[in-house]
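Think of it as A, B, C and D in the order they're written, each chain with its own count starting at 1.
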Amino acid sequence: MADSKVLSAQQISEHKTSEDCWVVVNNQVWDVTDFLEEHPGGSNIILKYAGSDATKAYSEVHAPSVMKNNLDAEKLKGVLDESTIDAEWAKPPEQNPKVVLENEKAPLHTLINSHDFEVVASKTATNKTWAFYSSAATDLLTRDANKSCFDRIWFRPRVLRNVRSVDTRTNMLGGSYSLPLFVSPAAMAKLIHPDGECAIAKACASKGIMQGELRTAAPSADFFFQLYVNRDRAKSAALLRQCSANPNIKAIFVTVDAASPGKREADERVKADESLSVPMAPSKAQNDKKGGGLGRVMAGFIDPGLTWEDLKWVKQHTHKPVCLKGVMSADDALLALKAGIDGIMLSNHGGRNLDTSPPSIITLLEIHRRCPEVFEHMEVYVDSGIRRGTDMLKAVCLGATAVGMGRSMLFATNYGQEGVEHLIDSKPIGGSVLTCANAIAVMQDELETSMRNVGITSLAEASPDLVHTGDVDHLVPASRSHPYARAIAKGRADSKL
Amino acid sequence: MADSKVLSAQQISEHKTSEDCWVVVNNQVWDVTDFLEEHPGGSNIILKYAGSDATKAYSEVHAPSVMKNNLDAEKLKGVLDESTIDAEWAKPPEQNPKVVLENEKAPLHTLINSHDFEVVASKTATNKTWAFYSSAATDLLTRDANKSCFDRIWFRPRVLRNVRSVDTRTNMLGGSYSLPLFVSPAAMAKLIHPDGECAIAKACASKGIMQGELRTAAPSADFFFQLYVNRDRAKSAALLRQCSANPNIKAIFVTVDAASPGKREADERVKADESLSVPMAPSKAQNDKKGGGLGRVMAGFIDPGLTWEDLKWVKQHTHKPVCLKGVMSADDALLALKAGIDGIMLSNHGGRNLDTSPPSIITLLEIHRRCPEVFEHMEVYVDSGIRRGTDMLKAVCLGATAVGMGRSMLFATNYGQEGVEHLIDSKPIGGSVLTCANAIAVMQDELETSMRNVGITSLAEASPDLVHTGDVDHLVPASRSHPYARAIAKGRADSKL
Amino acid sequence: MADSKVLSAQQISEHKTSEDCWVVVNNQVWDVTDFLEEHPGGSNIILKYAGSDATKAYSEVHAPSVMKNNLDAEKLKGVLDESTIDAEWAKPPEQNPKVVLENEKAPLHTLINSHDFEVVASKTATNKTWAFYSSAATDLLTRDANKSCFDRIWFRPRVLRNVRSVDTRTNMLGGSYSLPLFVSPAAMAKLIHPDGECAIAKACASKGIMQGELRTAAPSADFFFQLYVNRDRAKSAALLRQCSANPNIKAIFVTVDAASPGKREADERVKADESLSVPMAPSKAQNDKKGGGLGRVMAGFIDPGLTWEDLKWVKQHTHKPVCLKGVMSADDALLALKAGIDGIMLSNHGGRNLDTSPPSIITLLEIHRRCPEVFEHMEVYVDSGIRRGTDMLKAVCLGATAVGMGRSMLFATNYGQEGVEHLIDSKPIGGSVLTCANAIAVMQDELETSMRNVGITSLAEASPDLVHTGDVDHLVPASRSHPYARAIAKGRADSKL
Amino acid sequence: MADSKVLSAQQISEHKTSEDCWVVVNNQVWDVTDFLEEHPGGSNIILKYAGSDATKAYSEVHAPSVMKNNLDAEKLKGVLDESTIDAEWAKPPEQNPKVVLENEKAPLHTLINSHDFEVVASKTATNKTWAFYSSAATDLLTRDANKSCFDRIWFRPRVLRNVRSVDTRTNMLGGSYSLPLFVSPAAMAKLIHPDGECAIAKACASKGIMQGELRTAAPSADFFFQLYVNRDRAKSAALLRQCSANPNIKAIFVTVDAASPGKREADERVKADESLSVPMAPSKAQNDKKGGGLGRVMAGFIDPGLTWEDLKWVKQHTHKPVCLKGVMSADDALLALKAGIDGIMLSNHGGRNLDTSPPSIITLLEIHRRCPEVFEHMEVYVDSGIRRGTDMLKAVCLGATAVGMGRSMLFATNYGQEGVEHLIDSKPIGGSVLTCANAIAVMQDELETSMRNVGITSLAEASPDLVHTGDVDHLVPASRSHPYARAIAKGRADSKL
């Protein structure tokens, strides 16, 4: 057998490519070329030792017998002639780590979660862009609670269920998508990358997920149109007509959580600081103290006078499903149900409008507690605070059809379309579930990992029984009426002094 | 049409003032002079590009069509002749940010919330002033809880309500004021600015809000008089006579939360440190170890012997409404009701007297739970911990008629009358609600933003149904009697050893 | 009148001592010699301006009329001749603050609370002493909770009660003491000061408070004797005989919370580090790995075999009251009651023995909830975590007869007897309550301030109604029996595999 | 008597070894050779003063009479002739503390708890090893809660129980072990020490505790075999046959909490960073983006398709007890009971697989609440988060038969077998309980200390009555069914849009 063939270090070192790869382990010489792609730990780690001695790295991880048990005997090419080892051959693999500077974007493949994209953006975007993207209302309490409330919900994982094949596909607005995830419509993606909204749209299309848009950014697959109703209704009517003609638009989402632009102080400060460089303000601008962070600029055209009556008007101007974006209470979820709305997105605008408005996942729990019938008749989406596959799964377990990510997608746009794809990383619609086993990061991978570890293989199995909300239940309102409300109202009505 | 007129960069650059302002966007030259004040983002941002190319800044924020849709066609003055662009014209707007030194007051317009005033004061006031203003009793637990309890109360915002016009006016003590906010009477404002109490009084008058005073500081509009009953009743009687004669005084507030001056350690330490510079204390002062922080000095004349009986005496000496300042329990709210008091201010003196005395907003909730009838018969005010418009709105939702700010107003006095006005920024009484749309910061703007986003347009609509207190409910006492209190009392009564 | 007399700066500057003190305010010259001691803010602040112009300092604090209203007209000596002001006279009072080095004890009068003593000790005591005093069991959870649980109990202060005269005296073990505070017996006070236990004993005697002792340290007033029962009962019997003969010993406290010395890691580490300097350990010490922090050394003679039976033995050997030191559960409080014990000290040994043993104040609440009858028949003392007058008052409100301080007293011993007195600062027994109004710091002053602000004038009025424990109630066990305990016991009893 | 014998300093200094040790205290010269080992504080502290004057150190700790009371009169050798003291003799004992460098392992005896081993490993292990050992899933929430939930459970210690002799022995899987502690099977111990798993196995054998193994690492005493069921059942069957033949294997533990390898980001990042040094990835590896942290590598062969059916197959292939490792819910505990399983190990894999999976101690409480009958029929083990003897005791009180430690044991392997022994430090089976009184650290010592201080002497007495879980009870699910689950399911079933 080949075991007896004696090979010199120099002979072995000729087989050092991915097409022809030998390695030495415990003085035995193995041809691992065909095994490269099967290696559970990936081929890179083996290729580092191509043509040389991998004993040390191998032994740290594997028992001596693993190699023999997993490779055919014919792959054993011989034994190393130790007398032929020279300094060159014995040298460990090179270690020239490339240095990434503080204000330079790290290579995309080194980003492994949504937080990484945020960190890179904080260091490489302009102050103005960072301020607009990251800021939220006043003391940031809602922004932070959006995330921490997810962290305070615990799984109740089940074991010994066959989770070999996991299917993350979901139905939403009548279509089928690869993930219960959509990109929330976000403004001004061009601030961080010239491709801006187009990069996002193309990534969503290629990855088969739903997206929201503020305007038609790119030739794309399915999306929903997020409508900010204009003070000038005629303009909104025109927009709705355009939407009706576009078969890719699956629904109209009417924005209802932006009655007034929030006070986003980081954003305001960028503007304020800038003013310092203008020592003499022109006379006309003397009363122009209104800050003017980008958030306020954007909000200038939105109509704060929108009411449930206007929704009827919207429904008359489109045959598409009409949904609400920005519901923050069970009461309004019920009103939406009564108004014949097709779906509601629970959202506090990423905490950007009203500080201490409730985290969306808390509103979802309020609907559970006060009006579960909502889930029978409307799709419910959740926005604000989603950072992890576990967050996605928790929302779906608690009744959400899908969740939206906004800020994180903007941060990913820092790397253009490829960045957004890396963050999503789902498989194309209709693609085999199993073939993408090789894909990594981020949201798709995290969701699959979470589903397997919680013991389910499809989102239809995601149920409230798989989570425990005891650590946040006290944050969930249980009823509407307050006995003392009457006393306060009476006191106000009376003239007392 | 003007679209065809070709203009050189030099021609364009002549129109660069607020009276005559052209900008270039996508090579089109627009006259935006009349639009400057309409611009939702303010005029400053446009004026930065007056007479030059604004394409880059414009595109980051607006779709290409926005300009055409919002300006009359005649404002399009022509197209830029790109061949005329020279280095001078192409130069980006200047960026010479003025540097503000650490111990220098930042320009007033860069302060955008109440915290900013505190930060500036911490850096620019003397140690002694800062210690007196910022200090509170011992471990600062109540001072900090005053704020954090507001942060732990969540809104339950309603959507799709017409919130175009918001009215923040309120009635208090029979008068009408522009905000449910008053300035709590605060001592020694002169420490931070020579105008001291006068600056505050004038700002309150100009902004149409109620204020409390310790003495008549300035010719002013309505105010209430805060009485510290003197050990020498005759002096207090004289004061009450003066008050009766002053038509601007709307009520007498008897201070009841200062039975003993608290131990404000930062304040004490300033004094203690100072002593280090006096190596030999004169013999007479040998037993003069009593600290003597400003807080203790101030309290020297206050009578710790005040009782409910004395209130009758006060009521006999004035025909004005008599209120209590410093109620910290539902029990005393009830006693006040029985004593025929006209209003109560829940206050723990900013946490300055007794550490771990309850935050005022908790006392408000205790009244809800134990004696809501109080709201039917007395006005209830809340002091201590108010820093944000959201705090104001929460207190009003929970039954407060108005809230007071003390420390923050002192910090704003750092900038004199203008500073206090900037912090309040309400509109004059009787002024149009809408005309102040251009005003910014701080409390008025924050309150309006909060009201709109919670879905109400007048404070009469503010109700307990709009907030959720689940995160602090365990801090609220539900009853008075303790079953074990009897056992303790019995044990004490018996002689046991 | 004197008002017209013109005085030169030089004339005025001759009156600059505490026996003859003039100051200038708004150009008026006042003789304030007799007022020095009446000044609520103390005399020092005035003496700084003796013989010179005090206008600036005066105006910051007082209205112009205060001086005229408080001084007799004859004290007005004249008016300043401004033309006589020279540079010397105009110079502000000297500011030569003495610099205290980091490792140097700050002057005693600059220490204003118990934390200050700890800070100074941490910087000036030896590593070994600091480690022994400050250390507690393993992760310090109980040590820290001892304090934080007090901080999470809130007062419910009452207003408008006459609190002019406050009496902090209490009865304990049949005697009367100036404060509901005793010094817990603490070992090895000599580590921080040569006077050690004597300093403490003398301070307690001079201040009229009860103390615990491990041995007779000094000629002193009343104390209780803390007995660590020796493995050799004869030695303990001898000790008890000595105690019986000593009329100053008011009770015997049998230590029951030290069944095994805790693992105090800071203490152990000092020893461990020291070992590093002994490169070769002698052969006999090879198995001598037992750490040997001072805590373990101290515990070597204590008997871990003590039982309720032994208490009968103790009671037979003394006619003095017998109390337990170290009760940590309502169950043992009940057993103590049944055993005819005269009092119990709730203590976890400052968190030094068993980490996550319950804070004593929680055990006090457990007794409330489960066996309030204990308060009718035994005195209950609380140890561990007391740092503030508010802590003292809360414990007394909740039923404690008195509280003990241990660590803080050791830290105060850093300054000898005077330091301990400064920390206690009560008045002698029988002394007038009002005459000590001039005394400052620390525990006495804090307790009086707390009592006044909570609205009581004697400790007999301290009741559970004055505190709210809602933030810690979930930490209090409500019952003993667990339904599942049976299942566990049954599982253990059965042989299953 | 010897008291009168006058000895010179030079004479005394000749007795300075552990075989012949004299010390001077208060000028009296004592022979303490025989007392060295009896000294409660250890002999080292005395030997430091061998042959010289120990008065200062002695007096800090002991009363003057202690020496006379504890030593025979004949040990008093004489009195010091002070005139013979010279500079050499008076010199204090040497203090040459050895300096341990940051990246150097501290001497083993200076490590006194499990955290110390972690700290040393963090500084001395390679980045790769540290990342693999310390990492956990995504945001580390479960890893940290594993520990903090133990910290939030409080003891209810009982006093006055005879705790002289403490017995920590327990029965597990039919055998008797010296501690209720086993070493959880942990992979790749060789990364930190060449002896790897052998070091652990030998330490467990010598210390008489149970251990888990992934493969037969060493000739050892009892252990259980942790089975990762292979995708290829034949291989697992072969393994089970081997196990059946090995009398040392007491049970088969089937791993059920590793359905999918978790996303351990620290681990992934080490790999990702490494990639930076490979500028050109070979073509075959282009799609090899799969991270490949060691965790993922290890998981490659585990079968995610395992079900309860497979357990029947396992039980058919072995006559040994079959247990589950990785139960995370009361529901699966019940299923295990129904499936005839012999024991369950509650484990979330150290938080390494699914972030926000419940801490094991919470699952233990869920079993209490929902199905206490489990304890009657199966042994229950707890893994994940154990760092202290108090943690061990709490788990046993709440029904656990024994607890496992994984990470800490790997960190201890840094010092080879001796390190693991130091961390365990139990006594050999059958050894006298009392003879090991001299042993120190770590887990054995901490457990004994905890048992004594909580008032028990054997683990049979450990009951739920000795702990209070009020601070974590809200984290424990009380039931399975959710009323709203039906509405969500119905909504999903209906086609709504």
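The rule is short, and it goes like this: a residue touches a chain if its C-beta (ideal position, glycine included) is under 8 Å from a C-beta of that chain, and two chains touch if they have at least 3 such contacts.
The chain lineup, named per UniProt: A, B, C, D = L-lactate dehydrogenase (cytochrome).
These figures come from a predicted structure and were not determined experimentally.
S.K.: Could you give the fewest steps needed to travel from chain B to chain D through chains in contact?
M.R.: Each step joins two touching chains, and the minimum needed here is 2.
S.K.: If more than half of the interface residue numbers appear on both sides, call it same; otherwise different. Which is it for chain C and chain D?
M.R.: Mostly different residues.
S.K.: How many Å are there between the centre of chain A and the centre of chain C, using C-alpha atoms for each centre?
M.R.: Distance between chain centres, rounded to whole Å: 54 Å.
S.K.: Could you put a whole-Å number on the gap between the CA centroids of chain B and chain C?
M.R.: Roughly 38 Å, centre to centre.
S.K.: For chain B, write out the residues touching at least two other chains, lowest number first.
M.R.: none
S.K.: For this assembly, give the contact graph shape among line, ring, star, complete and other.
M.R.: ring
S.K.: Chain pairs in touch?
M.R.: Applying the touch criterion to every chain pair yields A-B, A-D, B-C, C-D.
S.K.: Any idea which chain C residues touch chain B in the complex?
M.R.: My answer: residues 17-19, 36-37, 39-45, 47-48, 59-61, 63, 69, 94-98, 100, 107, 109-110, 112-113, 151, 153-164, 173-174, 251, 321, 342-343, 368-369, 372-379, 388, 390, 398-399, 438-441, 445-446, 448-450, 452-455, 460, 463-465, 468, 470-471, 473.
S.K.: Which residues of chain A touch chain B in the complex?
M.R.: 138-139, 141, 188, 190-191, 215, 235, 256-257, 259-263, 265, 268-269, 271-279, 281-285, 287-292, 294, 296-301, 303-308, 310-311, 324, 326-329, 331-332, 335, 348, 353-358, 362, 474-477, 480-492, 494, 496-497
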